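In the two assemblies presented below, subunit A is common to both, partnered first by subunit B and then by subunit C.
Moving on, here comes the complex of A and B:
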């Protein structure tokens, strides 16, 4: 399994309000609602922590779910957000300023 | 990108007097210059109550009228290149320089093109000062403004039509939210919906914002700030997907919700709903 790194796109406006996250794509003003698990992944998307580690340390630690199932769900989620242009996914760490390694999507 | 018309040409105005109509919405006067007397009269009629010939214009537009053509039902396209905004639709092309606050519109002599241009310009001017335009009805009761937002069919026109005496309807279609030093205020607009009536030209501080839903009984339900922000943004007029602008309006919506009371208003379409308001 190749490792995945995820980072929030710079073309996004987001705010946590009363523990709920509101995300808007600055590209087309689409609004996104995230579940509790998805919010956890979104908030951990620092470009440096591998997705497998986010799943293991945050999702599996918090919810009663097997690592394989959690990872598959997380992978599908990040790919979906990447398709909407609000999350970047790469096989290499993504530096904060976006320079260096180019994200795959 | 160019629309083929030049904003800089505005500086070279002929010495003969050019007719114009100054339309003041939300306390922001926009001077529309045209040498066509019939067109100016049409503007004065359409925006009656919002014409202020004595106002110092915040923005000016030179209007070039073209031969009549079929009205366009496509969405307006709005983009920015540096400090210049470009607006276009089948029935008009315009550009507006944010720095000089001057622009030019080339359109057919119909009232709909300039109406759209005004909505776009006001949305851009408001965004600069943390305000916005919203698909919503709004009304003033006892000195407080109440805003009723919702998708098409949610009841904006219905609630406006049911407004009892003593309630001034600001609009049944496009609400005007402006941040002032003393807080947020709602302003009347001439942008009419199904009610086909221009709003009252007055303003008031916000009492509350309601997100409309039709139901069997009237009731007000609390909602979280996140739900309110999403509902607000869903009904905000975004003419452009300019990244900077979208971010700014997003932040404005978050701040607005943190300062103004918001709730869901479930209502049955009769006058009794107004007992819950104000």
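Moving on, here comes the complex of A and C:
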């Protein structure tokens, strides 16, 4: 399994409302309201922490879920947000202000 | 229920101003004949002051931020303000005439993640458009600006205000928008001057033209549905809110004055003298606006159109009573359905009898 790194796109708007994160993509104006788990992934998307580590250290530590299931769910979520230009995904760490969406995933 | 409706419901429940319209200047490079603004600078906020207010807005949960004017590109520090707004993760919409938008400006807007840009276009014919803006060559420059915005990948909406002088050009502007890959929206509303003056109302399109606009499927879509007689008024409508102004939305002027809406110039406080949150939570004026339900409206509460009317409380306020009818909206309801509104029936002068507007003064 190749590692995945995720970073928040600069082309999004977001706000925490009543404990939930609301995100809108400037690319296609899609609005998202993130669940608790998705919020964790979003907040951890620093471009440097591998997705597997985010799943292991944050999601599995917090919720009663197996690492495999959690990773599959996280991957699907990440792919969905990447399609809307909200997250950038790469097989390499994404430095701050790194260019391009889905660098090479 | 859509996510946007859920979001609005949540904001209403929590008392969050989800949307703020912020005019960064009233100065403008055009002099549109119907404009309601005084374009002199009477002491607009500095960029630092504006950025400070944006900090406050982000902290209270504002998500949708519309930056407008006047012409926002008149401000040299516009990009400083935009950068700050985007750093605070607002969803930013910019309203401009695009005359000053070149390739560089368009690319910067795109890089900043501005969600969309709305540009006013009055006609596809230069003599008509420029005749309204009083700026020679403005249509050519505006269209060049739109092309730069589109080339940079930005979403553009062309706003077509319909007036006596350009009502015949809506199809031309619509075609223009399609050819530029821009969305098209029309608005037949002409707002009285900020000081209460009514001179610009002479530019409103005549009633018979409004009838034609409302029966044009290219402009309104489903004509039958749009012009259908109003549904019976039920308890939900009677207990319902007139609009989002002051509930989940508000307006801030370049001088820091806070109003319920850009079209509702009821002074509620000033962010130069008071924290925004204090104004939002404690303003007696906003409290009054929030207290109004459909059943509380003078004339309108007994009107058949109550549930479907586009009644603007701001226009009603400018006619002297925020609980009263807005004659322009009475006229629209009548033009759509052929059924006179309660406001029209109670005034012998009819819907066009707009006189004695309130004078708007800062607090």
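Remarks
FYI, the second predicted complex is superposed on the first by the 100 of 105 C-alpha atoms of A that agree within 3 Å, B and C clash if a C-alpha of one lies under 4 Å from a C-alpha of the other, contacts with A are read in each partner's own complex, and residues count from 1 in each chain.
Note that a contact is a pair of C-beta atoms (placed from the backbone, for glycine too) under 8 Å apart; a residue touches a chain by one contact, two chains touch by 3 or more.
Note that the coordinates shown come from a computational prediction; the quantities given were computed from them, not determined experimentally.
Once the complexes are laid over each other on subunit A, subunit B and subunit C cannot both fit and instead clash. Of the two partner chains placed around the shared chain by superposition, subunit B and subunit C are both touched by A:18. In the superposition on chain A, A:48 makes contact with neither subunit B nor subunit C.
Once the two complexes are overlaid on the shared chain, A:29 sits against subunit B and subunit C alike.
When the two complexes are laid over each other on chain A, subunit A has residues 11, 13, 15, 17-18, 22, 24, 26, 29, 31, 33 in contact with both subunit B and subunit C. In the complex of the two chains, the subunit A residues touching subunit C come out as 9-18, 22, 24, 26, 29, 31-33.
Subunit A meets subunit B in the complex at residues 11, 13, 15, 17-18, 20-22, 24-29, 31, 33. Remark: subunit C residues 3-4, 6-7, 10-11, 14, 16, 58, 61-63, 86, 89-92, 111, 113-116, 155 touch subunit A in the complex. Residues of subunit B that touch subunit A in their complex: 224-227, 229-230, 233-234, 238, 241, 243, 246-247, 250-251, 254, 257.
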